[in-house]
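Note that the chains are named A, B, C and D in the order they appear, and that numbering of residues resets to 1 at the start of each chain.
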Amino acid sequence: MTEKSRRGEHDPIRVGVFGARGRVGTQVVAGVEAAPDMKLVATVDVGDSASDLTEAGAEVVVDFTHPDAVLDNLRFAIDNGIHAVVGTTGFTQQRLDTVAGWLGDKPGLGVLIAPNFALGAVLAMRFARQAARFYDSAEVVELHHNRKADAPSGTAAHTARVIAQARAEAGLAPGSDATTSELDGARGADVEGVRVHSVRLPGLVAHEEILFGGQGELLTIRHDSLDRASFVPGVLLGVRAMLNRPGLTVGLEHVLDL
Amino acid sequence: MTEKSRRGEHDPIRVGVFGARGRVGTQVVAGVEAAPDMKLVATVDVGDSASDLTEAGAEVVVDFTHPDAVLDNLRFAIDNGIHAVVGTTGFTQQRLDTVAGWLGDKPGLGVLIAPNFALGAVLAMRFARQAARFYDSAEVVELHHNRKADAPSGTAAHTARVIAQARAEAGLAPGSDATTSELDGARGADVEGVRVHSVRLPGLVAHEEILFGGQGELLTIRHDSLDRASFVPGVLLGVRAMLNRPGLTVGLEHVLDL
Amino acid sequence: MTEKSRRGEHDPIRVGVFGARGRVGTQVVAGVEAAPDMKLVATVDVGDSASDLTEAGAEVVVDFTHPDAVLDNLRFAIDNGIHAVVGTTGFTQQRLDTVAGWLGDKPGLGVLIAPNFALGAVLAMRFARQAARFYDSAEVVELHHNRKADAPSGTAAHTARVIAQARAEAGLAPGSDATTSELDGARGADVEGVRVHSVRLPGLVAHEEILFGGQGELLTIRHDSLDRASFVPGVLLGVRAMLNRPGLTVGLEHVLDL
Amino acid sequence: MTEKSRRGEHDPIRVGVFGARGRVGTQVVAGVEAAPDMKLVATVDVGDSASDLTEAGAEVVVDFTHPDAVLDNLRFAIDNGIHAVVGTTGFTQQRLDTVAGWLGDKPGLGVLIAPNFALGAVLAMRFARQAARFYDSAEVVELHHNRKADAPSGTAAHTARVIAQARAEAGLAPGSDATTSELDGARGADVEGVRVHSVRLPGLVAHEEILFGGQGELLTIRHDSLDRASFVPGVLLGVRAMLNRPGLTVGLEHVLDL
């Protein structure tokens, strides 16, 4: 009997939150409480007992905690037939295999693990993959606040690799570039043949612009993340999706049904 | 026996052009001549005989002519087993049905009729359709030179309707708008619940920006068409696709395999 | 003897804050405390005595309070030889005249009253005024969160009027617009001949884009205000300027020495 | 007696063009012919005699020719009391001194030599200079077609130097940058402490974006040059200005009266 069959169609989804008092967890809690089709039934943080989730009848649990804690949390959730939506970092292939193994015995149960829950970032990446093979060339400009340590951002580097892969699959050669005189760094970083430029300024938050150029036209996909709460709608979407998506899903894009 | 089977895999596609001396036709001719996988074998304009196409062994013909001429051109192409790619305007449902009828007897033959061959415009519309249901609200800003007679542009109005339809299919209510005091026109035109704003300035060419807003984030899709030649890659893509896509196809998006 | 002459060149400026516990005042307090050339010496809010300012030897006081309180605050400051920087709203010409009158007897004393302390907004307006006469046409697009009640924003309407005035002074006719078929509202609001478009979306904060179009080129000035703290640098700049700018100054632009 | 005194206030300005059949000269000719306050009286190109200008009574001559020809052209113009507006490249300080020397004997005569006549580019540079000292940090992104040989563009590098100089004059330290892990080139080229990023894509023409970031806000100045004719209004403005601006003027910004 799946989770789905136990619940009425119009019952709110019973949601628990691991790491509920953390910076991210606090926003997940607020998001679940504001969602008309969900009910927050348990919050668990350091010092609390995970059994609060089972006692409260949680159907789905959200985990934004720590790499050291997340596997224990997932083990508990899966053992107790609770779906999970996980934004905690540190999932190597080995860790993903472990979780998939645990799910092997639980045919109705779903776990979503994703590095990025911002819908706009996920959609931008998807659209970049779709557009890549139709254009002569593509570049990425990402803009972040000046406290960021890495350049380019992980998202921008990943976007560039996705574009490079889509171009390679379509048999496209690298975009032509007539630059013969360059001041060091002007043309950006080369990520598998796709140029990536990193702007750092106070006042900026997190922004990514993907530019495709062809004969007489440009296509630009831009994502602006202006508030840390931007990941909440993606988490709620993941919670809803897990009720009907058994097994391990890696990446929010797979639950978007694009 | 289809066109495909008659030709070697590495033979260039033999292309003819109706309206070859027109403003658009001239650029189609240049595009075909520059394409390494095509060979321009015949150009036909007012005063020329369509039989030039058959004599030259054209496999595909491109038609950017006039609503008064295009049906005769298509009749000739279909009768002679020549695929067609058509950008001429004026195709009512009745006209489309007529062409589909003619194709009924020609199982291997393909005709593509599309209102817009600019890849960026077609992709932007497609991405707008995909993104629409994930956002609380969407608006469209289109920017054109100040010689344009209609506001909003046909493309922007169509984009707004596509977004409205995708939102309706997903059961979304109209985006909330707290405006209580408005100077007439400030909030733009209402196209099925999606606001559309038209900027007109000398110096602009043709630009469209589709903005989606959600919790703490924005997704923007922008298309800039800076040169009339921007439709050429879409036409060439249509030419290639027709070799393997029998029947009537309406809209370039269907041959993009997105 | 002016304030300036009483203080050593390297002494920090002694700053007091009226409305120190308010939403805006809290950020002014934080800004003053973080400024290396200032010292926060007194904070006054409802229930506190203004004499805290004189006892603490405040040289400049900042006022972001309420139209009902600000004149009493200013009277006290001026009577006690304290410069003032005021962001409180509600200053009619009559009120400005009253304050100017009070300052008539205090030759060394300066008061700055400004509707907007965001440097970017003030600079954008200034640049718009400078650029206006060089272009055939101009339009304004402002984008705000969807909880905003008025459209267009006060800033955008003011910007449009500034452009219209600069164009009129240069003898320019209204920008040409060939629109003959318009869906109601598409071309935006008409503010003295300058079109203004208001986009409203969740996820947006406060953004203004001023577009100038001429032969084959565009000039765009954009201001993004992403955080309420964006007015703080302008306030600090006003505090520094008042030490050497006697009399009443209306508008931050006058202390920028552009 | 100056040129001004010889002409009626409402007489059209009598304009001649050196290099009238060149790519740029052709557009200057068209621009002069379309200007209601000017009359094209002489066009001179290779093989023509410069005396056509004097015979036709030219008051101002425009020169977009070649470094090898421009000094002879200017010598002729100055000897014959004709003002000049010059866009030809190759003016070293020595050449400028030579021209200034020739003008020493001609008190009423004006010559304008400028590297850039695009009003938007000149205004953008000017605004960048004005804004620079109010912001913690600034970066430049320039975007050009992929046939461009140098990166960054000369205009972008010059803009960065102008910003660096304005910051230095205001005593600002370099903008802070927390980057500790950088993929080579991601942070762009360092031009006197200002980062410059060069995007190259087919479909682009010539675009420059200057970004200033401060506490919670951004100011962006963008110039899009979409057509080579964009320099024409600046040339016409220079022609008008020379009637009343004796001596050598270097740079269009000086005749804009900003």
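As a working rule, a contact is a pair of C-beta atoms (placed from the backbone, for glycine too) under 8 Å apart; a residue touches a chain by one contact, two chains touch by 3 or more.
These figures come from a predicted structure and were not determined experimentally.
Farthest chain from chain D, going by mean C-alpha coordinates, please.
Computed centres place A farthest from chain D.
Rounded to the nearest whole Å, what is the centre-to-centre distance of chain B and chain D, using the mean of the C-alpha atoms as each centre?
One centre to the other, that is 40 Å.
I'd like the Å distance between the centres of chain A and chain D, where a centre is the mean of that chain's Cα atoms.
48
Going through chain B residue by residue, note those that touch at least 2 other chains and give them in order.
If we look for residues of chain B contacting two or more partner chains, we find 203-204, 212, 214-218, 224, 226-227, 230.
Pick one for the touching-chains graph, please: line, ring, star, complete, other.
Looks like everything touches everything, fully connected.
If you look only at chain C, which of its residues touch chain B in the complex?
Spelled out, the residues of chain C in touch with chain B are 136-139, 141, 143, 146-152, 157, 175-191, 195-204, 211-218.
Mind listing the chain D positions that touch chain C in their complex?
The touching residues are 118-120, 123-124, 126-127, 130-131, 134-135, 212, 214-230, 232-233, 237, 256, 258.
Help me check something: in the complex, which residues belonging to chain D touch chain B?
Against chain B, the touching part of chain D is residues 203-205, 224, 226-227, 230.
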